[in-house]
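Take a look at these structures.
The same subunit A turns up in both complexes below, where it pairs with subunit B and then with subunit C.
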Partner chain A sequence: MGVLNGVTVAIILFGIGLLGLILRRDLVIKLLALGLINSSTILCLVSLNARPDGAPPLLQGNGLGAMVDPLPHALVLSAIVINFAILALALVFVMLLVERYHTTDSRRIEEEVAREEGE
Partner chain B sequence: MTVLALLPLFHFALAPVSLLQGRLARRLSALAVLVDAALVGWLLASIAGGGDLGIVMGEAAVGLGIRLVADPLTIGFTLLTLLIEGALVAYLWSEAPRAYFYTLLHLLFGAVFSTLFTRDLFNIFVTLELLTLVSFLLVGYERKARQVWASLKYLVLASLGMSLYLIGVALIYYHTGTLDLDAIAAGLPPGPVPRWVWLGSALLLSGIAVKSGVFLFSIWLPEAHARAHSAVSALLSGLVIKMGVVVLIGLAATFPVSVSLQVLGAVTGILGLVYAITTDDLKRMLAYSTLSQLGYVILGVGIGTAASLTAAGSYAVAHGLFKGLLFLAAGTAIREGGFRDIAPLIAQRGRVSRGVRLALLVGTLGIVGLPPLAGFAAKSLLTHATAALPVQGVMFLMSLGTAAAFAKLGRLLWPGKGAWGSATANLSFIVLGLPVLFFLPLAWPVLPRALAAAGRSPIPYAESLAAIVGGYLLHRWIRRRPRRALPQRFLRLEEGVMTILSGFFLVLILVWLQAR
Partner chain C sequence: MRRFSMPFAVWATLFVTLFCGLVLFAFDYEGPRVDSLGLSSESLAYDTGAANLVSAIYLNIRLYDTLLEVLVFSVAVLGVHFYLGPRGVEEQVEGIPESHVIRTSAGLLLPVIVVLGIHLVLFGHVSPGGGFSGGVVAASGLLLCAVALGAEAVGRRFHETFLERIEWGILLSILCLACAPLALGRLPLTDVLPQGQVGSLVSSGSIVLYNVLIGLKVFIGTWVIIHFFMRHRGEI
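Our next item is the complex of A and B:
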């Protein structure tokens, strides 16, 4: 594997996601950036434990060489489901906020909420 | 021991039932408290009988199972969970929220019980994410815009933290080939700490810190805890935050994180107090005080000896009791008095019923550490566990600040005359208030040696009384000074992401320094 392996790509994606989360004010884009961060951690988990020359982890294996470790795949499945749930629920709450304030701009929502709380 | 698996599974099974049988949900929750009490009794009995305290779920033979373990510390948290559950069911009885609320409650308790017993890094990830999702829905339960916004921030920041944690898990698994905390501790190479260990430790610690109320990481906490429904605030501040602490205790026993925990604990304790002292909003003040109290606990975890871990765990349990009580009482006080701020509430104290004022009094005395209440017992255990003078100094400052913050409540605490208020609410105050009052005799069967050693010298008594008096004087002094608003900018979402990031680099440097 060269320099551009799965882990480096994951770190780059994580960084892009962080930038999106900090710099973009649109809540939907922020959530997309969060999705990118979560996916990059999954990429990291998979590619750290990858064995390009390994055999599929099946019980009736072909007996050729070492098997790929199946546990990271099981972990990744749960993590993907959790991330899906988080994004779905967050989008529902963004919808509630949009109904109320007619904007997805996080800065403006912050100001409106602060003003309401001050009253 | 099957009971360890039964406790969470029972609640997970009850959640859909209370959603489908909406009219029964309230009675089902009362039944759940009784069943939980029976299960916890079974757990205690089998521990007293010297039974095996662990169970492996799944493929134990090939080392892939998920181990559930109960130790004395988790027993304390189990009892706390049971008490808070009982208090909440009583508190919500007359309010009768929708069945959906009870469904969330059962999911939350199921997640809490599974977090308590697990010793598996990935299982911790799953249960903490479940806790995040359920508390997210609970904070936004009333659908008020400020709640929705606070809980959305919470979800985004917590999810970011858990991604850091998951990368840490990936790194640790790559190098050790196991996810079990004890197996990792046994498998760590002796001698100089390799790079992946400190990198992994920093990632794991930062991820959990987001969930457990550390100042740099948990800036979502004040808004989420202050704006939620009071029952939810009590649950989050009393219980959910403590799950992060439970995991931190597990991590501190395995990874080289003690220096970073001590620094984070001191920073959290002092900054949380500065904000608690200067905040007028009652529930917000309680939320900031949660931050500062967590500083105490994390400092104790960071010291890292067996005695200090026990002390930190007891303090976390004690804090769960009195902060739960304070939030429940504050919610009723705000509803009856009609104000969120402390000063007008004191002016309207005649409208606040007597039971509520008494509950506030007990909670306040507990949190400022009046002997022999819960706060005092746990604090003196913690001070006893360390000999380092700077750490003791920081702890004394924290007690002083806590007393100053709660001195603001002033005459709101005087029970005086008036109606007693609703019976079910008072029952919930009793459920949490009695253990605060009688923490010492109740903790005796669990911690006799530690308590006896800490209670022998007169220093803790003098120290806590000095802290209370000093805190009151500090409050008088602050009240006469002109007020300057502290910065609130860092509570925004973007700043939250940046503080988590900078906190991660701080932890990375501290872990690296300790590893060298």
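Our next item is the complex of A and C:
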């Protein structure tokens, strides 16, 4: 495999996601960055397990080589479902914050909260 | 609250990412192995009766993992209901303007999507698929229906209060199915039904039952989440 394989792409995506999570102030974009980090983790798990001629983990799978390890696939399934659940719940919280403070800017929300606490 | 400056954040991110990369590359990975569970693929399939080894893992030998996953999903649906339920009940969801193209294409696509979802659920143990993916596919068909006919028209037919009762009933039956072997004097989370012929539709014991229950649960849960979001926003 060359340098640009699934693992390196996953590391680059993880970096982009982390940077977005730290630097961007928009809460929705922060959630998108969180989703990007999750996708990069999934890509990393799947591509660590990949082989060019690997057969799918089905007993009647007609691949050329040996079957790939089914365990990471089962783990990734949990990761996808839990990411969906977390994203739905986090979006609800963002909606509640927007309803109360009329902005998705995390810094302005922090300032509003500080002002409310000061009063 | 302390704020980080932008160059600091960039350097910190680069450092963390490089560290993760180095750890991954230093990890002495000898290539994929099929016997990571101490089982060969054939014996895994014949022990569980499922030709799809991923299903065999997450619905048989690592069933507790899937049970907790289903619980996490239920908690998310409950959270969406709890925070969005009391709000916006009176609001009418505005439909998007009447469009022949969307309505006709929804009528053409909906049967295909629903059949694909049912196929993914029912054949999840012999081919790629399973309860989670099948349920989400069917719920996306319902979302297409909501886009074409309006969310309220679909929501009137699929009542949340009734659907949520069914959903909790399904969760209860999944837990009962997991504990059922106790009644027969065996350990919980084991499979008591006969395995059958590997690769046929009626095989793999309770994996089919779990797939159907999880598929229904994910279908209802996803629709409840989508419908609460649509009702709260007031539009699709």
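The criterion applied here is as follows: the second predicted complex is superposed on the first by the 113 of 119 C-alpha atoms of A that agree within 3 Å, B and C clash if a C-alpha of one lies under 4 Å from a C-alpha of the other, contacts with A are read in each partner's own complex, and residues count from 1 in each chain.
Just so we're on the same page, a residue touches a chain if its C-beta (ideal position, glycine included) is under 8 Å from a C-beta of that chain, and two chains touch if they have at least 3 such contacts.
In this text the structure is predicted, and so the values were computed from the model without any measurement.
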Taking the superposition as given, does A:Pro56 touch the first partner, subunit B, the second, subunit C, both, or neither?
second
Thinking of the overlay built on chain A, is A:Thr41 touched by subunit B (first), by subunit C (second), by both, or by neither?
first
Scan A:Ile22 for contacts with subunit B and subunit C and give back first, second, both or neither.
both
Quick check on the superposed pair: does A:Ala88 touch subunit B, subunit C, both, or neither? Answer first, second, both or neither.
second
Once the structures are superposed on A, label A:Leu96 by its partner contacts, choosing first (subunit B), second (subunit C), both or neither.
both
Output check: A:Glu117 vs subunit B and subunit C. Expected answer is one of first, second, both, neither. What do you get?
first
Just to be sure I read the superposition right, which of the two partners does A:Ala66 touch: subunit B = first, subunit C = second, or both, or neither?
second
Where does A:Leu77 make contact in the superposed view: on subunit B (first), on subunit C (second), on both, or on neither?
second
In the superposed arrangement, what residues of subunit A touch both subunit B and subunit C?
14, 18, 22-23, 44, 48-49, 71, 78, 82, 85-86, 89, 93, 96, 110
Flag every residue of subunit C that touches subunit A in the complex, lowest number first.
1, 4, 6, 9-10, 12-14, 16-17, 20-21, 24-25, 29, 31-34, 36-37, 41-42, 44-45, 51-54, 56-58, 62, 65-66, 69, 72-73, 75-76, 79-80, 83-84, 126-128, 130, 132, 198-199, 225, 229, 232
Mind listing the subunit A positions that touch subunit B in their complex?
14, 18, 21-23, 27, 30-31, 34, 37-38, 40-42, 44-45, 48-49, 71-72, 75, 78-79, 82-83, 85-86, 89-90, 93-94, 96-97, 100-101, 106-107, 109-110, 112-113, 116-117
Can you list the subunit A residues touching subunit C in their complex?
7-8, 11-12, 14-15, 18-19, 22-23, 44, 48-51, 54, 56-60, 66-71, 73-74, 77-78, 80-82, 84-86, 88-89, 91-93, 95-96, 110
Can you tell me which positions in subunit B touch subunit A when the two form their complex?
64, 122, 125-126, 129, 132-133, 136-137, 140, 143, 145-146, 148-149, 151-152, 155-156, 159-160, 163, 166-167, 169-171, 173-174, 179, 227, 492-494, 497-498, 501
